[in-house]
Amino acid sequence: MTKRRISTPSPTSQADLSRRKFLGTSGLALGGLALGPALLAACSSDSSGGDASSGDNELWFDNWTLYIDKPEGELYGKGGTLDSFQKASGQKIKYTEGINDNNEYFAKIQPLLSQDKPIGPDIIALTFWMAGRLTTLGWVEKLPLDKIPNSANLIESLTKPPSDPTGEYSLPWQAGMAGIAYNKSVTGRALNSVDDLFDPAFKGKIGMLLEMRDTIGLIAMSLGIDLATPTFEKFQPAFDKLKEGVDSGQIRQFTGNDYVDDLEQGSFAACIGWSGDVVQLSASNPDIGFSIPESGGTLWFDTMQIPVGASNVEGAAEWMNYVYDPVNAAKITAEVQYISPVQGVQEELRKMGGDAAALADSQLIFPDASTLATLQSWGNLDEEEEALFDAEFAKITGA
Amino acid sequence: MAADTSSDDRGLRKGKWAPYGLLSPGILWLVLFFLVPVMILVRTALSSKASRFANPEFSWQFSNFTSAFTDYGPQFARSFLFAGIATVSAILIGYPLAYWIATQGGRWKNLLIGLVVVPFFTSYLIRTIAWTSLLKDDGVILNVIHAIPFVPQDFRLLATPAGVIGGLTYNFLSFMILPIYVSLEKIDFRLTEAAADLYGTPWQAFKKVVLPLSMPGVFAGSLLVFIPAAGDYLNNRYLGSPKTSMIGTVVQDKFLVQFDYPVAAALSLVLMAIITTMVLIYSKFLGTEGLAV
Amino acid sequence: MNEVLLGEEGTPGHGAAVAGTADVVIRLENVVKKFGEYTAVESADFDIAEGEFFSMLGPSGCGKTTTLRMIAGFEQPTAGRILLDGVDVSKTPPHKRNVNTVFQNYALFPHMSVFDNVAFGLRNAKVPEADVTKRVTDLLEIVRLPEYAKRRPNQLSGGQQQRIALARALVNLPKALLLDEPLGALDLKLRQAMQLELKRIQREVGITFIFVTHDQEEALTMSDRIAVMTQGRTDQIGTPTQIYHQPTTAFVAGFIGTANLLPVTVRSHEGTTVTVDSRTGSQFRVPSGGRSHQPGSEVTLMIRPERLVPSFAPVDGVAGGSIPTTVTSLVFQGPVVRCEVQTDVGSALVAHLGPEDDPGRLSVGSRVDMTWAYEGAYLVPEAIDPEAAGITQSN
C-alpha cells in the first residue's frame, strides 16, 4: 500500500512525493534481476538507520512519509507534535519516514523478526491487515495499555478491530476510506455506485488500486459479500467481476497512489481512490469528486505497533498516550487530513479556527453516522487464504 | 651472461603474480557481488517454504522452475518482444543522432552529448511518471494524433503496448546513443574519404565502411538496452496495463507481495539464462571480434 | 574505366613544360583555395602530363596537400578550374572522378581483408566479380604481396600496408594516382626501398603519379618534374636537375639541398657572363644561366658546398671567385669533411671537402681563401635579406 497523501502544489510535498514513489518501487528497479532475500535483509538495517538499538533511551518511531505535522516544513519544528512531546515528557524521540509500502516493509523486517532479532524502531505504523499479520506471527509486543490511559478517547470501532480482536497488539494512528473517485469533466456526472465503474461508456478509462483489499473489497460489497469473514471461495465472484473488467478492456490500469495524476489528467474517468487524497485534490480541482458507493466503502486504518525486541516500550507507551489527547491529535489532523481515531478532535479543530475549523465539517474527515454505517473493515485473512487472494489478484493485474 | 639470465628470472618470478594482484579487486568484486548473489539465487530457486512467511529452506525444489515455464509464458514473450522492439527503436533513433553529433557536432560535440545525458540525471522513476503526463489521454501529443483523420476516438498511448515500448525506448535510449557515439567517434573519417575516392557514393561509404566499423557500438548499445528492458517492470507499471505486463512485473510481485521467493528466484534465473543465450547468439552474428579499429 | 593495360611501359616526360595538350592529364588553371580568411593555395597553375611522375614539394603548410585534395575532389577550389582529361571537374564529387589517392595514413579499411580492400573501388564501379578477382590478384602480384589477400590490414607491417594502399588505388587504373606523403610513416631504410619500388611500379603500370612530399631528397630521387611550393605559391616547376642547379628563387635554392647564398649586385652583363659586386667589395664572374641581368639589380649568388674549395686545392676549371674566410668548424663525415667558415662580413658558409681538397691543412681558427670554379656559381634572380645570407638548408 502506498501512503494516501497526494502531491499538493507546494514544492516540498512534490519532492517528498517523488522520493516516496521512487523508494516505493526501487527495490527491484535494476533490471528486474531480483536480489535474494538475504540481500533484502541486509538492506533493512541500512534503511532504518543502521543502528539496531536506539541508544540513550531514545524512542524511535518509523512511519509513512507526510504523516505528521511539520511546522515550517521541519519535523522537529517549534510547536509541532514531536517538539511538544519532547518538551512535555522529557523523552527524546527519533522520527523517521521509512515506510513506503506495507509489503516492501514487511519484506525488509521479515528476515530479522523471523529470527527474533530486533529491527530497530520501537514503533512501526503498518496498515491494519499487515499489523494483523505481524500479530499472528507473534512479531509484536503486547501493548502496556495501563500506561496509555488516553486510549479511552479512541473511537470504539477502532480499538478491537478484526485484525486485533483483543486490542492488545495494535492501536490506530490514522484512518481513511476507500470509495469512488471521479473526474466530472470526463464522466459528465457524479458517480455513486461500483457498477458505474463497469459502465461501458467509460471503457478503458477506469482505474483500480493495486491495494487488493480496497479494490476487491469495494467490488465484493457491491456484490453483497461481507468483508468481516473473508474466504477465498466467498470472494470468487468479486475476482471474476474484476477479471472480466480487465479482459474486456474496461479497466485500464492498476495503480498505487499515482491514480491521482491519472484522474486529474483525465486518463482515468473514474477509479477507486482514498478519501484523504480527494479532500486535497478537490480543493484545487472542483471537477474531482469522491463518493462512498451505495453498497458501501472500505474503512482502513494504519496502526502503531511495538515490534518484538524493541528497546523502549515505556517511551512508546508515553508517545501513544500523548497523541491520543484530542488537543494533540487535532494538530496532526489539521495537517494530514485523515480520519482521526481520537474522539473530540472535531471540537478541538473548531477551537483552532481558520482552515482547521473548516476541516471539522468535512464528511470525509468526520463521516456522519449514516456514512459510517455503510463502511466495512476487512476481517482477518489467515496465511493460506491471504496467499490465495494475493495470487489471484496478481494473476488479474498481470503479475 | 649467466648472471643476467638469473636476474631476469627473478624479475619474471616477481612479476608473475603482479597481474593477479591487479586483478584481485575485480575478482573479489565479482565473487562478492555477482557469484555469491547468483548462488543465493540458485539456492533460493531450489528451496521451498514451510509456510508463507517462513524463510525458504533448500530442498531441491525443481518444480519452481516448472511453474516459471508453465504459468508465465505470455509475460516472458512480452518481455522479449517489447525489449526487442525497444532495442530496434533505440537503434533507429539513437544511431542517426549519434552519427549527427559525431560528424556534425564540431566543437559542440561534448555539449550535445551532455544534453543527451542530462535527462538521465533525473531518477528513472520520475522520468517514467513524467511520461504519463506527456502521453495522457487529453494531452498535447494525443490531441495532435486525434486531429489526424481516421484515428479512432478511443485511440490512446497510455496503458498500451506502444506506451510501454515507448517508455522502454526512451528510458534506455542514452545507453544506445553513448556507445554508438563512442564507436563512431573512434572511426577515422579519412576512411570515408578513401571510400569516396574509390568511387563509393556517400551511401555506399556509410554502408560499407562507417556502419560496419560502428557495429561494436551498436552491439554494446543493444545489450545495454535489451538486457535491462527485458527485466523492466516500471514502464509497464506506469505506462502499461494488466495486458502488457512483463516478467519483471511478476518477479516484483512474487518477491514483494506474494513472498514467493523461490518462484521469483527461479523466474529471475530463467530470465538470466534466456538473456545470456540470446546475447551469445547475438554476439556470434554481431560479435566485436576483429572489428577493433 | 580507363583501359590502360597493366604492365604497359610508361613514357615519362622529362621536360619542364608539357609539350602539346594531347598529353595533358591534369590541368590546374589559377586554382585558389581559401579557408575563411586563410589562403591555403594562392595560385596553382600547371599541367601534368600522361605517365609523368610529378611531385609537389614544400614545407608543411605550403598548400601542397590542399592542392592534392582539390585534385582528388575532397576540397573544391575557391577560384580557378581543375581539368581532368580536358573536362572541368572542379565541382565533381570524389567518387565521380577517375583519380585515386594513396593516403598518408593509408586509410585501409580495418574491417576488410586485403583482397576486399583492393577490390573496393572495382566493386563500387560495378566491375563483374570475375574481373575483380583477376585484377585484384594481378595487382597484388605487382605489389608483391599475393599471399596476403586474406589477411586483415592490422596483420601487416607498415611497408606492406603501404603496398596494399597502392594496390587499392592502382587497381582502378585511374587517370592519375595521387600520393599524399605515402612514405612518411616508414623508417629510413624502408622508405628508400619503397622509393625504388614506387618508381618500378609506376614504370610498370604507366599511370601518372602525383606525389606530395616535404622530403626534397625523395622528390629528387623519384620525380620527373617537381613543383616546389611555399606559402601557397608555386615557386618553381622543373626537372630535379633544373630545380637543383638552377633554382629560380632563394627559397628553392635553400630548400633543395644545402646552398651558400650571398647577396650581390649586378655590375654588368656581357654575353653569358655576369659580373657582380659582393658586400665585401670583391667582384665575381658568374654564368648568366640564360637570363639577362640589369646592371644595378640585387640578386643572390648561390654556391653549393661541394663546389667551394680552399684556395690551395686545385680548382676544376676556370676560377670564378674567391672570398677570404676564417674556419669555424670541421666535422669529419666519411666521404667528405664538412667545413664551416665565416666571411669577414660575418656570413657563415659551408664547404664539403673531399680528400683531393686536402682538408688536413685546415684547423679551426685558421685563415683560408675559399674559391670556386666559374661554373660552380649560379645567380638566383632574386634578392635576399643580407641577414639571411650564408648557409641555407632544409631539414
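Residue numbering begins at 1 within each chain, and the chains themselves are lettered A, B and C in the order written.
Please note the rule applied: a residue touches a chain if its C-beta (ideal position, glycine included) is under 8 Å from a C-beta of that chain, and two chains touch if they have at least 3 such contacts.
By chain, with names taken from UniProt: A = Unannotated protein.
Everything numeric in this text was worked out from a predicted model, so none of it was measured.
If the chains shown are joined wherever they touch, the resulting network is a simple chain of contacts running from one end to the other without closing. The chain pair with more C-beta contacts between its two chains, of B-C and A-B, is A-B. Of all the chains, the one whose CA centre sits at the greatest distance from that of subunit C is A. Note on chain placement: the centre of subunit A and the centre of subunit C lie 88 Å apart, centres being C-alpha means. Separating the CA-averaged centres of subunit B and subunit C is a span of 56 Å. The centroid of the Cα atoms in subunit A and the matching centroid in subunit B are 36 Å apart. The touching residues of subunit A, counted against subunit B in their complex, run 18, 21-22, 25-40, 101, 103-104, 106-107, 110-111, 114, 133, 137, 203-205, 246, 249, 251-254, 258, 261-262, 265-267, 383-384, 386-387, 390-391, 394, 396-399. Within the complex, the subunit B residues that touch subunit A are 37, 40-41, 43-44, 51-56, 75, 123-126, 129, 132-133, 136-139, 154, 156, 158-159, 227-228, 230-234, 236-238, 240-259, 261, 264-265, 268, 271-272.
The touching residues of subunit C, counted against subunit B in their complex, run 72-74, 93-96, 99-101, 103, 105, 107-111, 120-121, 124-125, 152, 154, 168-169, 172. Across the interface of their complex, subunit C is touched by residues 188, 190-191, 193-202, 204-205, 208-209, 212-213, 290-293 of subunit B.
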